[in-house]
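Next come two complexes built around chain A: one with chain B, the other with chain C.
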Partner chain A sequence: MSTARAAVAASAERLLGWLAFVGAVAAWQVVATMGEARSVASFGDSARALVDILWGPDLADHVLPSLGRVVAGFGVTALVGIGFGLLLGTFHGIEPWVRPVIEFLRAVPPPLIVPVAMMIMGLSGNVVITVIVFGTLWPVLINTLDGASRVEPLYLDTARVFRSPRWVVLRSVVLPASLPTIMAGLRTALSISLIMLVLGEMLASSTGIGYLILTSQQTFDVPATYGGVLLLGLLGWTFDTLFVVIERRVLRWNSEFSGGSDV
Partner chain B sequence: MAAAVGVWELLRAVGVFPEPFVPSFGSIVIAAGRDLLNGTLLRPLATTLTAWSLGLAIAAGLGLVLGAAMGTWWWAAATGRILVRFLRPVPSVALIPVAILAAGLGLKMTLILVVFASVWPILINTAYGVREVPQPYRDTGRVAGLSASRVVLRVTVPAALPAVATGIRVSAAIALAVTIATELITGTGGLGAHIQTARQGAQFVDAYAGILLGGLIGHLINIVALGLERRVLFWSAEHRKQRS
Partner chain C sequence: MSSGASLECRDLVKSFPTPAGERRVIEHLSMRVEPGEFAVILGPSGCGKTTLLRTLSGLLPVDHGEVRVDGHVVRDVPDDVAVVFQEYNKSLFPWLTLERNVRFALRGLGKAQARERARAALRRVGLAESAQQYPWQVSGGMQQRAAIARALACHANLVIMDEPFASVDALTRIHLELMLLDIWTESRFTVVFVTHDIEEAVLLADRIFVLSSRPARVKDEIVVGLPRPRDPIATKALPRFQQLRERIFDLIEGAAGAPMRRDEGLSAHHLTAGG
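Then we have the complex of A and B:
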């Protein structure tokens, strides 16, 4: 009885949510048709422009390079952030020296990394991947460090009793125990990585989705601008959804984990 | 901190950093001090902080009202949830071209972007904070003879405040980042535009001075926000101790 009522309530909630979504799209369409074509593209035109981007030369010229940069940048961040974080978290001697520096670097607004990278690297190296890495590294590093330094002492003592070598302890005790905080840091890093990608491509690249939407705006190709933004929104949504799915799998064994839900 | 400066100078000495593009730390600090005193950095700083504070204030107002609604009524939560799911993942800087098209270059454009980017943490944390206020707290307030509006003011608001404070701290950092990003790309005044102009004019020391100042401002905002949050969290931590 009560489960049936709960199911009805849940579907009512879902229906209302999708109604709101459809309503928002409809409102967009109305605003676009009433407003000036110079400033707002309708949902239909934007969606068509999005399809054109994905089924034209832009896919190879701009979309794929962007995807490659995010994967490379996020991959480097994950490796370096988790690796260094675990090391710093287990060697308690270094941590007090490094933490203030990391905390300071994390508080620096990430967009400021772009001009620094441009001055140091010129346009020669891959500025975009660099700014993604330096924009996303700190949350992963801090979260790994926090997770690794707060591992239940009992686990570590047990490993010591079994005389496990240090790297085995790192891999089989410290890493799994700090995984929930690491995943939280990675999720933050993933959303920052998309922002740094777009920013880097707008300022220091002649390829990529960021470059594409900025030049579309400058040439007053309004539908293409909106189409590109739609694509980036879709990418952000896909990345986050995929991440939550992976997070649930990775952390399924953890009884304290209740699922990466928001709102 | 001193060690980090040491690493910077070491990398310079070894020659990893090419000389004209990477000035010494000392010269950057001197340039920052000089430009602050003669006003060339002061005006951009004021522009940036104006856009930041206005944007954050609007985001806070919107986030608090919408978040409180989502935390109180199930239909508001249901309506908002899907929209948040779709709107929040849009990378804010991707909207810069759209904001230029919609509002033209200027403060209005920057504000649209700052509000869009920084409203989510406040909204989500407020919704969460309000929803998680235990019903017995509110019932106690009613039993004690408080009117419904008094219960909101005296019970719900204080109980939700720690979550809200955390949201505002996160949003403050995001708002500053988006303000500077917008200035870097559109060149419409502020620290970001100042840095870009200096860099393009090969005034690298001045560019670094601006970057250093931006970093310090980011740090300062973080420290102040953390301090405020701790003051608000103080009693909630006490509550937690009593409960467990």
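Then we have the complex of A and C:
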């Protein structure tokens, strides 16, 4: 009874959410038709521009390179952040030495890496990837470090009782035990990666969605500008949805994620 | 299956630093457990039983004295020793199924052989049906059975158990005690079982080491000598069971410092629950 009622309430909430979304689109349409066409494209025009981007040469020239950069940047962050985080969290001797460096680098506003990376690498696509990595590494590194240094002591005792070698403890005990905090860090990193992507592409690239949006704005192609914005919103939503699906699967042993409740 | 290892510790001393200075938890403690014996370490709550168990199993270094398993000095957890902790919900890995948890103890074996042995151990504790479930999907008693299966699967010669049944309900506890006795009778590994429950101690043990309150010392060593197989109803009805219970009760009462009045109806369980 109560679960059925809860399900009804949940779908009602979801319906309200979509209604609000439709309302926002309608409001956008109203603003656009009230004579602001020079600065605001209508939803229909923007959607058409979005389709043009996805079905034209822009797909290969701009969209796919952006996707590649996000995947590469996020991948490097995941590997480096989780790897170093596990090491620092397990071997407590190292952490005090590197902590000030990490805290300093983390405190640097990530956009500042753009001029530095440009000086070092010029205008190559690697600048954007570097920018993404610099912006996303810290939440993953810090979360992994915290998770790994706060593993339930009895897990480690159990591993000792069964004489697990150190690398087995790291891979089979410390890593899974800190996975919930690691995933939280990765999710934050994923949303930051899109911010850093656009920033990097606007300032230091001649390809990519960020570059496309900027040039559309500079050439007064209003619908294409909004089409690009729509595309980025759509990408962010897709990435996050995919991430939640993967997270549920990876953490299905964790009752918090197996209860079927919406995160 | 296994031969049963002897356990011996001599003149054990262990202190912990506290803001108020060193606090001694174990004081010149010596004991010997024979191969294949079911030994119980019994003491009031907070007397340092868990610390003692951690030193005996090699998880914690001692300040002075030594622990020997089968004559070899213990420095880390020896190969043929398994430990069952009280907090089953933290000693099983929540990200592994029960079968995988048991297989964690069987790392050296090939995959097929490890699976075979893990399944046999789970079958022995009545968990064949639940092998593919995660710990949070089964009850506390089942989790502790899985932890026992893990200790069985690696064919340890000495199984050290830290109040393993203290956090399960009374009925489950009786079942688990009987199951443990059955398994021990079949395989005859040595058991060192820590508890604060007098009745549990007398029901299970060949030999009981009664500890003093902190710092822990062996206050008395009692050979139980009740006939086996033991039974929670019949054994507890024996006059000798009653005698032993009262004798240990008096011992512990003395150890707890402030002597308690033994009014009518104050059972061993009451004493231990409050202590």
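Criterion: the second predicted complex is superposed on the first by the 244 of 263 C-alpha atoms of A that agree within 3 Å, B and C clash if a C-alpha of one lies under 4 Å from a C-alpha of the other, contacts with A are read in each partner's own complex, and residues count from 1 in each chain.
Quick note on the criterion: contacts are C-beta pairs under 8 Å (C-beta built on N, C-alpha and C of every residue); 3 or more make two chains touch, one makes a residue touch a chain.
Because the structure is predicted, anything quoted here is derived from the model rather than measured.
In the model built by aligning both structures on chain A, chain B fits alongside chain C without clashing. Touch criterion not met for A:S46: it reaches neither chain B nor chain C. When both complexes are overlaid on chain A, the residue A:S205 reaches neither chain B nor chain C.
Applying the stated contact rule after C-alpha superposition, one finds that A:V168 touches chain C and leaves chain B untouched. Of the two partner chains, chain C is the only one touched by A:P176; chain B is not. By the touch criterion defined above, A:T136 reaches neither chain B nor chain C. Vectors from the Cα centre of chain A to those of chain B and chain C enclose 100° in the overlay, to the nearest 10. In the superposed model, more residues of chain A are touched by B than by the other of chain B and chain C.
Contacts of A:T144 after superposition on the shared chain: neither chain B nor chain C is touched. With both structures placed on the common chain, the touch criterion links A:S66 to neither chain B nor chain C. In the superposed pair of complexes, A:A20 makes contact with chain B only, with no contact to chain C. Between chain B and chain C in the chain A overlay, the least Cα distance found is 19 Å. Overlap of the chain B and chain C interfaces on chain A comprises no residues.
Chain C makes touch with chain A in their complex at residues 57, 59, 76-77, 79, 81-83, 85, 87, 90-91, 93-96, 104-105, 107, 134, 136, 150, 154. Contact residues on chain B toward chain A in their complex (touch as defined above): 1, 3-4, 17-18, 21-22, 70, 74-75, 77-87, 89-98, 100-102, 124, 127-128, 173, 176-178, 180-181, 184-185, 192, 195-196, 199, 204, 207-208, 211, 214-215, 218-219, 221-222.
By the touch rule above, chain A contacts chain B in their complex via residues 9, 12-14, 16-21, 24, 38-40, 97, 100-101, 104, 107-112, 114-116, 118-120, 122, 191, 194-195, 197-199, 202-203, 209-210, 213-214, 216-217, 222, 225-226, 228-229, 232-233, 236-237, 239-240, 262-263.
Put simply, chain A touches chain C in their complex at residues 152, 154-155, 157-158, 160-164, 168, 172-173, 176-177, 179, 253-255.
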